[in-house]
Amino acid sequence: MTATASPLSPSPSTADADEVMTVTAARALADGSSCFVGIGLPSTAANLARRTHAPDLWMVYESGTLGASPDTLPLSIGDGELAETADSVVPVTEVFNYWLQAGRIDTGFLGAAQIDRFGNINTTAIGDYDAPAVRLPGAGGAPEIAASCGRVIVIVRQSPRTFVERVDFTTSVGHGGGPGDRERLGLRGAGPVRVITDLGVLEPDPATRELVLTSVHPGVTAEQAREATGWDLAVAPDLATTPAPEPHELAVLRSLTGRG
Amino acid sequence: MTATASPLSPSPSTADADEVMTVTAARALADGSSCFVGIGLPSTAANLARRTHAPDLWMVYESGTLGASPDTLPLSIGDGELAETADSVVPVTEVFNYWLQAGRIDTGFLGAAQIDRFGNINTTAIGDYDAPAVRLPGAGGAPEIAASCGRVIVIVRQSPRTFVERVDFTTSVGHGGGPGDRERLGLRGAGPVRVITDLGVLEPDPATRELVLTSVHPGVTAEQAREATGWDLAVAPDLATTPAPEPHELAVLRSLTGRG
Amino acid sequence: MILPLDRAVAELVRDGDTVAMEGFTHLIPVEAGHEVIRQGRRDLTLVRMTPDIVYDRMIGAGCARRLVFSWGGNPGVGSLHRFRDAVVNGWPRPLELEEHSHAGMANRYAAGAAGLPFAVLRGYAGTDLVGRTPTIKPITCPFTGEELAAVPALNPDVAIVHAQRADRSGNVQMWGITGVQKEAVLAADRALVTVEEVVDELEPVPGQVVLPSRVVSAVSPVPGGARPSYAHGYYVRDNDAYRAWDAVGRDRDRFTAWLRDEVFGAAGGPRTPDRAPGEDREEQTA
Amino acid sequence: MILPLDRAVAELVRDGDTVAMEGFTHLIPVEAGHEVIRQGRRDLTLVRMTPDIVYDRMIGAGCARRLVFSWGGNPGVGSLHRFRDAVVNGWPRPLELEEHSHAGMANRYAAGAAGLPFAVLRGYAGTDLVGRTPTIKPITCPFTGEELAAVPALNPDVAIVHAQRADRSGNVQMWGITGVQKEAVLAADRALVTVEEVVDELEPVPGQVVLPSRVVSAVSPVPGGARPSYAHGYYVRDNDAYRAWDAVGRDRDRFTAWLRDEVFGAAGGPRTPDRAPGEDREEQTA
């Protein structure tokens, strides 16, 4: 299980933090399930899953490509490769109304510029909305992915600037202010069930809905994860160590990203 | 202008009442305009227009065939010929929402089982709705055709049973109860501007919106039209005689209907 | 996933279900309707924009308790006499009606497909449908103050459609006039698709609609399953059969005999290609 | 109907207009955007789900007063620096924002295309967009009592899209990822379509969307007009150019020089095929 050299992994045999993050995210996707894929790490993770344990993962990109199976990693959510390999290409209205809003997607992947202790996400602006310190791209498909996918997995690198007590702007609702908030808001999916970072994995406490550190990646300590968090991060009593990437996972990942 | 024999019209050179009705309806369609076509006489009239004075008439059938140009008269609004010859085939949701409701169709053609003095139409039931004497097919696309087309032309054979003081059921709104009703109801099109029968042509009085006999077909008297009407039909002071079908119109019509 | 028609209907269609069989003139799942009759389903709420002869037969056979529809005629021919007889005389049993316009029905399916509880349209204003149909209500635009019509989503228990082809995984492909079939399938809890043929690979076709297998409960190969309606690229609409239905449907005895000979006489599952439904036309019109 | 790009823009795009240039990653009308810059249009309300580099350039060139959008980034690369500079620093002029989600924007176009004043969706609940964006309001389902979100229709003065082909009558054909272009065109008062080529006959293609000529105000042949975006079947997405834009857009001086050389340097109408926009990429990234 340790990352020893293998004929399949020609380059450094130890996975770096981003690779552990991506492999951990890929493993969270069950074979045969459907996944709403954003660009960047989510797309890498989903495509990795499809090439390892989940060949029948059904990837939906918001450009309207249903069941895409690209040979290479797309740069955008609308690369031609996605349309060419999709089971069906539908208008953007349909992907949002007939597929996402109707609750047909099992897992939504989201990134974040800020995420708070209840898994709420900001991708709109840092600081005051009307005079922002940093203007971010905005909502895109995220609010409805967060609302309507069966569950949400967040992939984001961990730092105190990103993991904040309270997001400056709630672009996408996680667990709101705590238990019952999603139900009150009429959000149908379970919301963020896992936040996968470069240090470990956070999951909402079943009772309080606050994110708790449930796993650290190999070589990472709970204290390191707590220091990279802007709130007083709780640590699960049965804190696990994330299983390291298998050599074949790493090899496939590196063939995808062009590293290795 | 009289229907004399011509090499183009091999069969009886005098048009029968239905033929005059159909030719008169066809003439009401301007070249280049768009027309929502129902099956039966409307489809015959529109296809006749396209083969005579209006080669660029743009026919829309509610099955979603936009710009159909069938070689033969379809029996249904969804014959394969319509799809094969259309500029575009769109889902039924789109033909109603994006084309009809959005006000993109100039002329709507409607038939009627009953029509009243304000051009309101019944195609639902004769008698009491809950215990009807005759159950008719129902609304279909008619309520929204009557509401949203730029104008409506009704084609219907005239009789006291059909031309009634008040329809038993308002399936499609004509001019409601009189002036201002369409505006009050938010109906955007002009409503029925012409009712073409086998006896003549009725048009709404500009002030009262009541249907007035404005033209009788060749050989028909105003009194005959009044006797075929279930209300005290007003006759226009400048009552016209409908121009008889031209030989070439009749020849084309008969080639379409297989008579001739 | 790929099941014979009799097994698919047995598994997916239950007494009391709300069943939507769609197909706008084209690709009407006629044989599936016959199978529902053969299996003696009762108390169905039948949903369909244009009931057509397939619902005329099912109503005449006593499958339906209620009809949700917008236009109940024999297209290009005239009336549906079994439908009329049920509404006017309650034969073979009374039929409750819920009437809409085409625009309303199409938007109800679309709302159902989109997971919304209702749809909004410019429709019905001033018509007597407003008073007669409780599933039409006013709604006010929160921006302009305009009043429009709201209609509730349709979410049938089961949708049944016919398509040209499916692949072996159950992905379905149809083309030509595709009506509201996509919306009906997406709006339903379960979906049965009868197809002309099952193929290894769905070669893309202009104008195609592809229903991914994950929204299809079962695919049943039923060549000719849309007759006397048609399947674009396979066979044309049998307009004579539609005309001939008028005389059969008009008379209770003749209808009952037709049902016995043509539907129950073919019992034991879907008809095989060497006795395609269309071939019965001569007998039917005799 | 078929007009050179400079004439089409001159006739169809006016100062102060609400302009929607759509294309979801694919078929982005980049050259048309450059022509709007060349013609010095001002005070535009720019509408687009994903502003992308074409709006980054138009904003940087000072064409826009207001932006209605849902995701303002450089897809797969990062930020749009001209957009950021306008929002944070008001350079070259302040930019008002009206922010929605993709779902909200898509439904706003659909409502606009359908002649409805508003659309309904399950969206926005619990987000801070609700308080910030006045064009999001609650609406209650008249059947279930559920509260949902209403958004007003988008009806731009002019829509601009790029497509693969048009015929000589102005019927437009596009395929591949077709996004919300149909809705944007149908929602707009006027529509300009730039195309890769004008052909005698539009051979049907799987996945095609056909825009009938009666909803198209003008077609302009602009081969390569979507570069560095792509035209399915004609050329691929120039991902390097998107990456290279980051450095150009990041710096006001470099951007200004780029604008002078690459947009105004090509003045006098659309670029001809022998100097397709994509060929500028090397200079642009230098």
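Labels A, B, C and D are assigned to the chains in the order they are written; within every chain, residues are numbered from 1.
By definition in this document, contacts are C-beta pairs under 8 Å (C-beta built on N, C-alpha and C of every residue); 3 or more make two chains touch, one makes a residue touch a chain.
Since the structure is predicted, the reported quantities are computational estimates derived from the model, not experimental observations.
A.B. asks: Spelling it out: a chain qualifies if it touches chain C and also touches chain D; which chains qualify?
C.D. replies: A, B
A.B. asks: Could you please state the distance in Å, as a whole number, between where the Cα atoms of chain A are centred and where those of chain C are centred?
C.D. replies: That gives a centre separation of 42 Å.
A.B. asks: What's the distance between the Cα centroids of chain A and chain D, rounded to whole Å?
C.D. replies: Each chain reduced to its C-alpha mean, chain A and chain D end up 29 Å apart.
A.B. asks: With centres defined as the mean C-alpha position, give me the chain A-chain B separation in Å.
C.D. replies: 59
A.B. asks: For chain D, give me the residues that contact two or more of the other chains.
C.D. replies: Where chain D meets two or more other chains at a single residue, that happens at 115-116, 121-122, 146, 148, 182-183, 207.
A.B. asks: At which residue positions does chain A touch at least two other chains?
C.D. replies: Within chain A, residues 97, 101, 148 contact more than one other chain.
A.B. asks: How are the chains arranged in terms of who touches whom: line, ring, star, complete or other?
C.D. replies: other
A.B. asks: Going by the touch rule stated at the top, which chains touch which?
C.D. replies: A-C, A-D, B-C, B-D, C-D
A.B. asks: Mind listing the chain C positions that touch chain A in their complex?
C.D. replies: It is residues 113-116, 171, 182-183, 186, 210-212, 214-215 of chain C that touch chain A.
A.B. asks: Quick check on the complex: what are the chain A residues that touch chain D?
C.D. replies: 39-40, 62-65, 74-80, 82-83, 89, 91-93, 96-97, 100-101, 124, 129, 131-144, 147-148, 169-173, 176, 181-182, 185-188
A.B. asks: Which of the residues in chain D end up touching chain A in this complex?
C.D. replies: 24-26, 49-50, 69-73, 75-77, 79-80, 83-84, 87-88, 99-103, 106-107, 109-110, 121-129, 132, 146-148, 176-180, 182-183, 207, 230, 232, 236-237, 239, 242
A.B. asks: Touching residues of chain A toward chain C in the complex: what are they?
C.D. replies: Against chain C, the touching part of chain A is residues 34, 58, 66-67, 87-88, 97-98, 101-104, 148.
A.B. asks: In the complex of these two chains, what residues of chain C are touching chain D?
C.D. replies: 115-122, 135, 137-139, 141-144, 146, 148, 150, 152, 204-208
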